[in-house]
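Pasting the structures here.
Each of the two complexes below includes subunit A, the first together with subunit B, the second together with subunit C.
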Partner chain A sequence: MRFLLARLTRSVFLLAGVSVLSFLLMQLAPGDFFEEIKLNPQISPQTIAALRSQFGLDRPLPVRYGLWLQSAARGDFGYSFAYNSPVAPLLKTRVRNTAFLAGVATAIAWVLALGIGLWSAVRAGHWDDRFCTGAMSISMAVPDVLVALALLLLATRTGVFPVGGMVSTDFDDFTFLQKAKDIGAHLALPVFALVFGLAPTLARHVRSSVAQALTAPCVQAARAHGIAPARILFRHVLPVAANPLISLFGISLATLLSVSLLIEVIMSWPGLGPFFLEAILARDVYVVIGTVLLSTVFLVAGNLIADGLLFAADPRIRKS
Partner chain B sequence: MAAFPVNADYTESYREPLLRVQGLNKRYARSGFWSKTKPVQALSDVSLEIQSGSTTAIVGESGSGKTTLAMCMAQLETPDSGDIWLKSQRLTGLAAADLLPIRQKVQLIFQSSASALNPRLSAIEIVAEPLDILGMVRRERRRELALEYMQLTGLTADLAGHSPLTLSGGQRQRLAIARALTLKPELLIFDESFSGLDLILEAQILELLRTLKTSCGFTYLVITHDLSLVAGLADYVAVMQSGKIVEQGLASRVFLHAQHPHTLALLAAMPRWTIGSNAGSGA
Partner chain C sequence: MNLNVQLRTGLAVLAVLHLMLLFPGFVAPYDPMEQDRTMSFASPTVVHLRDQNGSWHMRPFIYAVAVNQDGSYTEDTRQKHFFRAFPSGAPYKLFGLFHCTVHLFGVDGGRAILMGTDRYGRDQFSRLIYGGQVSLFAGLLAALLSLFLGAFVGAVSGFYGRWIDDGLMRLAELFLALPWLYLLFAVRAFLPLSVPPASTFFLVVLIIGLVGWVRPARLVRGVVLSAKEQKYVLAARGFGASDLHLLRRHILPHTYSVLLTQATLLVPQFVLAEVTLSFLGLGVAEPIPSWGNMLSSLQQYHVMISYWWMFLPGIALGVLFLNYFTVADALQTKVQSAST
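Right after this comes the complex of A and B.
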């Protein structure tokens, strides 16, 4: 319990640090949202000055940070100039979409990686292991953007998969089954792009950890006892190989989120990615800070989950 | 008289071999994508007999092939050629499924007891695991029997719930021995199992092995680079160098009348006596 509390406290400090840093960097960047409005002759400089004053942009940086903290404490996380709305409700729907995409992709990537990695480790040195290792190396070398663009091309040429969005325009008229099918069809390409990018890396780690565990003396001892291979694999090999994989699981959650932002922009998935890009271009400061902070929350949560799993799985960590 | 305690009670009368190794070869080759590294001949035409009820020692420097030989004997490595017989049964070439029940008869105690015991299991679970999985005794009797084996190796019942991580090196090694004993093996192989222990712990474990041998009639194979360790323990000694057995025979003969330069060099490296005192002593 103390272990988890210590991790939680550290995470709170990390989030505070990230908020200060992102706030500082955004404020130091040249121009703001109202620089664009200045170009509009229909809006007078007085109105712009009044708006700047209303949003507190004319006040010193520490005061602005303090105001943002107050807003964060209320659950608003600042105010979007472009949407004329508190940031939190804007992020809510998009986070849900991004988490859905990243969650499905993470689950599929891990199932594939565990299967391929285990198979490859058990068959180390054989032709099928070499084939898997070669295929993983090639897929790791292909950039995510290229995969996403190729999939888009495929989708537009064949018309099998819908391009862009999360649901069809007539989604509300569908039955439950049709709705599920529609979301699945929209999900297929971004998920494929994400899994293609992530699964090979994970599979290589699984292969390496399992191959190492297979030669561990406690596994050799179990083999010498005459215990069946399948039982050895699940009772001895996987627990021994688990620690680096659990840590990797935490990192993969955060990595997938950052990669999914890119894929979302390319494939027009209505998640945080396109929203974040729009906010940067419009210099919608508080939306950018909110999104960065949310990404950090994902990273911290991923690592916290990994820490919790490590704590539960490994008695050495519980003892230390 | 010798200046060190050589086991001279064992005589060369014929006993039925428990395990017989004949012309064993093992080569490790590693090939990369572009090139092949030079293969290592770990075992080269190795032949050895381990007689029932005896203690055999295999000695040699690091990299001489001792562990590979032990792994082949325990069927944890597959030799490239040659034969291994356990009594009248040929082990080489047996299908994995046929090998499962035979594996229990040859047990290996590893050098690092810390990594040889699953850290996620408690001491009692480690000892009881072979009984659980192989279903050798009734479920309700397993824990009781596991405790008996722990006590047989000098571990008290209060250590049953402890993780192996909280045990000392000596306790862990005893636990590994207790785990091996549950399977009622015919041959116990100790692969450098004493090298991490201090002198007192080493003496205690050796004493335990002597007691178990007297009471249960085990056959031991001790693998070590430390000749002084096997001087008072082994009945039979085989000396290995570069994957070959360069000299083998009764311990008293090898220690007192060594012929091969490598054996002489190993004897000379022993810190407690000199070759001069050996040469001058008799059997």
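Right after this comes the complex of A and C.
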């Protein structure tokens, strides 16, 4: 239990660190949201000064950080100037959408990667392994931007999949089944793009760690005992190969989140990506900080899940 | 594939690509910013060896482009333009210093748009070459910056240990805790949005370089940690060698192979970072071409479905990546087999 508790406290400190870092970066930024408003002749300088003091932008950095912590404690996480509302409610639906997309894509990518990686490690050196590794190398080199754009092109040309967004315009009139189908159809392209970006890298890692596990002494002993190859693979090889892969799971979530930022913008998926970009362009600082923090939460959560899995999978960690 | 063959082919292709992009003015036949509004989104011209009468020519040629009533383009078979090697054309500066007019190729009279034109009738091929220079150099410079930073932090952290190591590695963890693109964007968010196009290049390089130092730093630290316990290092220390001498002469040489493999991994990652930033309008901006902002025109629906040649920067990017990854793979295997 100590292991998990230590990881948990470290995550909390990490989040605190990220929030401080964001505020320090913000301090470096020249200009803010109200600089843009200044250009509007209808708003007097006094109004702008009043607004800035209302949002605490004229206060020194530590005070602002304190104010922000207070609002975070209230569950607001600061105030969006552009939307004129607390940040947290704005983020809520977007996070849900991003998490949904990322969850589905992660699941599919891992299933695919495990399948391909295992197959290719077992068949190492044969033509099908060579084909798999070749295909993985090539698909790793295809930039995500190109994949997403090509998929959009395909969607517009064939008309099988809807182009962009998450739901159709008449979504509210649908029955439950129709709704599920509609979201599924919209989900297909971004998920495909994400899986295409992630699965080859994962499969390579799976392949290399399984290949390494195949040479482990316990596996050789099992083979010498004449245990059936399939049983060796699942009972002996996989547990040996599992540890680095479980650690990879947390990292894969981070990669996925990064890729999904871009894919969401291109495919106009109503998640964190487009929202984040908009906030950057509008200099909506608290939204930017909130999003950065949330992405860290995602990552930390992924790592914690990985730690939990490690804890469950590896008796050596449990005993220590 | 044989490892050495893999390494050599990868390096050869990379050398050609880098040379092309190092001398964009020479390779590109036209000025990448020269507009021709009458030739908006003209499709790539076909290169012929045989004319419509069926007779063959020694030199390849193109037909002049004619604009139809409905705005589409056709070949005007009455006018032939032959290709010529090393003609003098649009002036450019070699290395930004020497005035030159000689290009690798060109056509007599007409305009050879090998990869079509963009919205403003600018030659897509020339823009691809110039844009490649911007994107690739952003990647190279950023990689150089972050490797330098990483090597410095890693060496200091590994060599001095204790609280310096603790502090630096906590900071590294902080950077690792953020998804890489989010971090990149966050740093971008806090820098001025509207800066002159030329300085955005350096801004982008700076951001990417500053964000990407963590991985090389951790790797270098690991190597330094094990290297400083080597007997000859301890011996040299016993003879009274200074810290700087130990690092420079005995420890850092161990990190070169790590830095080299890291470089082959970081450059494509950073090129992609530049492309992503520019694609989303946060990086290098018009009129300076970069592979990112060239691709961004595809965000418009009609461009995406009608003009396939606008996808070409993405394909060029894929070719570059493929060769970098090939080299990285081969290098990594070599380093690993050398160390065991």
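In the analysis below, the second predicted complex is superposed on the first by the 319 of 320 C-alpha atoms of A that agree within 3 Å, B and C clash if a C-alpha of one lies under 4 Å from a C-alpha of the other, contacts with A are read in each partner's own complex, and residues count from 1 in each chain.
The criterion applied here is as follows: contacts are C-beta pairs under 8 Å (C-beta built on N, C-alpha and C of every residue); 3 or more make two chains touch, one makes a residue touch a chain.
Since the model is a prediction, treat every value here as computed from it, not as a measurement.
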Subject >> subunit B versus subunit C as contact partner of A:Ile227, first or second or both or neither >> reply: first
Subject >> Most subunit A residues touched (candidates subunit B, subunit C) >> reply: C
Original post:
Of the partners subunit B and subunit C, which touch A:Leu25 in the superposed model: first, second, both, neither?
Top reply: second
Subject >> First, second, both or neither for A:Arg316, with subunit B first and subunit C second >> reply: first
**OP:** Pick out the shared contact residues on subunit A: the ones touching subunit B in one complex and subunit C in the other.
**Re:** none
Original post:
Within the complex, which stretch of subunit B touches subunit A?
Top reply: 71, 74-76, 96, 99-104, 106-108, 110-112, 115-120, 129-130, 133-134, 163, 165-166, 176, 179, 183
Original post:
Residues of subunit C touching subunit A in their complex?
Top reply: 170, 173-174, 177-183, 185-193, 272, 275-276, 279-282, 295, 298-299, 301, 304-305, 311, 314-315, 317-319, 321-322, 325-326, 329
Original post:
Can you list the subunit A residues touching subunit B in their complex?
Top reply: 216-218, 220-229, 231, 236, 239-240, 313-316, 319
**OP:** Quick one: which bits of subunit A touch subunit C in the complex? Just the residue numbers, please.
**Re:** 14, 17-18, 21-22, 25-26, 28-31, 137-138, 140-146, 149-150, 152-153, 156-157, 254-255, 257-259, 261-262, 265-266, 276-277, 279-281, 283, 285, 288, 291-292, 295-296, 298-300
